[in-house]
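Look at the two complexes coming up: chain A is in both, with chain B in one and chain C in the other.
The block that comes next holds the complex of A and B.
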């Protein structure tokens, strides 16, 4: 890639995945759907040079979970691919086969939000303690600690 | 090695322990500021090795455990295991605001209430983070406590007496000097 990636290039190359918008000078955001995220990342890696994943961030906006895949290439432009997942069945295909560093972010999101990344071979706890009860996802907005539930640690001494 | 019970060898051991306390540092979920201050202690400006204070990697070699930070639920059992591995007599210094009460993290979903709900604490150091001279002062306080304990023949004299009618089962609470 000799010429820097612009919003026009991205709109042209990735028009089947969604519409791109320029958020700031070096930030481009594209909304797509969970079924196409795998192909969208393949395309942006192969054709546009976005070959590094900064992070996957998750937003609980009340109705849905919004996942943002922040990708960066050699010309310092950050592209954020956004997908929406329903609250009642948050399942999305994994991208850890394309971006190996995504696997650890997916485990973290699975731990704290309960989002399932189908196809990730190592979908187990990473952040919370091993005896944390199942079906408790602490970063969901509607989650409150239940005083009757034991959340791990040492019994009877929780704050 | 078995601890000699009486006589010259015991006095020699407690003297040697007070002259050269070995310390282990355990980060139970802190923000690393306390750890950086401990590293500043070891550096030539503060140079704690001139007092014989030596930082060891293993709790099995240490006399004093410095706990930096609040205790997350994940770290609670590990911290207790580290404490149980230390040979007697063992002393614990809780470092900083987090060690005393949880600090800014108090009441979060993944927290123990404080360090002393997991292991008994002998000395608290205030500050966020404490300065290196305060850490050295805490260790010196701990050494004075060690000498007093040797004179009293154990730590029991510092145990807080339960108030009449109050059930304190399962709680070990010591008075910080």
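The block that comes next holds the complex of A and C.
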């Protein structure tokens, strides 16, 4: 823990989760799998001092949903843990029990991408309006507004 | 006593933006808080995927009306890094000057709002008057008071003339005197001491745990500041310090902000006095190579993160924006627990929430004088009906 966090210490401590790569100075990226993300974050917190979550970024690359957990610690090194989720069943365990700040990001991603974070107790709408139709996830690449669907607001009140 | 749900907002008594709190209270004490930001998602991220970089910059600037330069700089520096383009030093300095002036106007605005919320309207009038000096400087440099539109991929849009530099430098001594007055006032002004001290306390451990950013975190002794941790623009050259405080309450957040005003003024002065000669932009390729970057930027409210993925074209594959206010909501919900209902406005305001950033919302007041919410779908349809040639 007292040793400075470098690509070598991360590789040594976290080799069971995936291979770490140095993206640039102070940025490290590691690809892992959804089943291991919870353990990977537990390990990075306990062994490497990554105590803060910057954000969870989401990308829809057409085939899968990619989630990137950007963690930072007192060494100011950023480790991005990346996972892929299948489009037909995008479910991954929540990390909001480890990182309370993840809760609001998970809610946002659930709202906009329809990714389910199992175990998050508060998977309610946060970004979209409350009368937004269910099963419509606007930030997915294949989402197109359907003219027959009512997307909320006040009916017939527009010019 | 049974718990009562008090619904506050979306027309919030303290904020000029829509947010809804369901405050679960036991008598006057807050037990829990539920948050709803869902008043109008503008779809900026989706829209950014459809436009080329040149047209994305003005769009991202409109994510926020206060920290507009933050969003466009975060995006521009991310794309420049993917393209491996280094922008000229003069452009770096000009971006820094605008960024720090923006921080000053934002903090002065916040100080005024906080003063107004505790009924100290004299201070509100003073800070907003002094803020005009900053706004005038920004307007003189960029032509605009809010959306400066100074950034381009590869540099800045317009140069600073010696006359503009001198005019800006001429405004600084008076501004410095005023800022020093506020720094002094925080120490003795009775109204501020009574209403700010001990309110909305957040310990260092909690601030770290809840992912708090910016002045809110620094007031709890967390010394995270992207300008120091991951230096960009001219922050590595300028002499300045990360400001922290140990109070951890609204009082601490006020102290951090007034001290940051001093630091920002120092950075602006340094950059104006040491403005390097040379070009203000470099030509950049039309397309960016495939790549991804987490572009971090210390906005006035805290760390702003743009995650950008490019795909080899002149458009982004994805831009994921995490605004500082979103990161700070968790801590607000936590530090409101066990506080008085009457302190909600000032605790919420103490993170300087910026909701237009967070939910990327819009309110529509159209020609029929009816306010409403426009869905993304209708926005597209309306645009297409007016621009049939582009469909």
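Observations on the structure shown:
Keep in mind that, in the parts below, the second predicted complex is superposed on the first by the 153 of 159 C-alpha atoms of A that agree within 3 Å, B and C clash if a C-alpha of one lies under 4 Å from a C-alpha of the other, contacts with A are read in each partner's own complex, and residues count from 1 in each chain.
The working rule: a contact is a pair of C-beta atoms (placed from the backbone, for glycine too) under 8 Å apart; a residue touches a chain by one contact, two chains touch by 3 or more.
Quick caveat: nothing in here was measured; it's all calculated off a predicted structure.
In the superposition on chain A, contact is made by A:51 with chain C only, not with chain B.
In the superposed pair of complexes, A:80 makes contact with chain C only, with no contact to chain B. Of the two partner chains, chain C is the only one touched by A:105; chain B is not.
In the superposition on chain A, contact of A:153 is made with both chain B and chain C.
In the superposition on chain A, A:145 makes contact with both chain B and chain C.
In the superposition on chain A, chain A positions 128-130, 132, 138, 145, 151-154, 157-159 are in contact with chain B in one complex as well as with chain C in the other. Those residues of chain A lying in contact with chain B across their complex are 128-130, 132, 138, 145, 151-154, 156-159. The part of chain B that touches chain A in the complex is made up of residues 71-74, 76-77, 80, 102, 106-114, 117-118, 170.
Residue ranges of chain C in contact with chain A, taken from their complex: 35-41, 43, 45-46, 208-211, 224, 229-230, 294, 296, 303, 305, 307, 309, 317-318, 320, 322, 326-327, 329-330, 334, 359, 366-368, 370, 372-378, 380-381. Residues of chain A touching chain C in their complex: 26-27, 51-55, 57-61, 68, 70, 72, 76, 78, 80, 99-105, 108, 111-112, 125-130, 132, 138-139, 145-147, 149, 151-154, 157-159.
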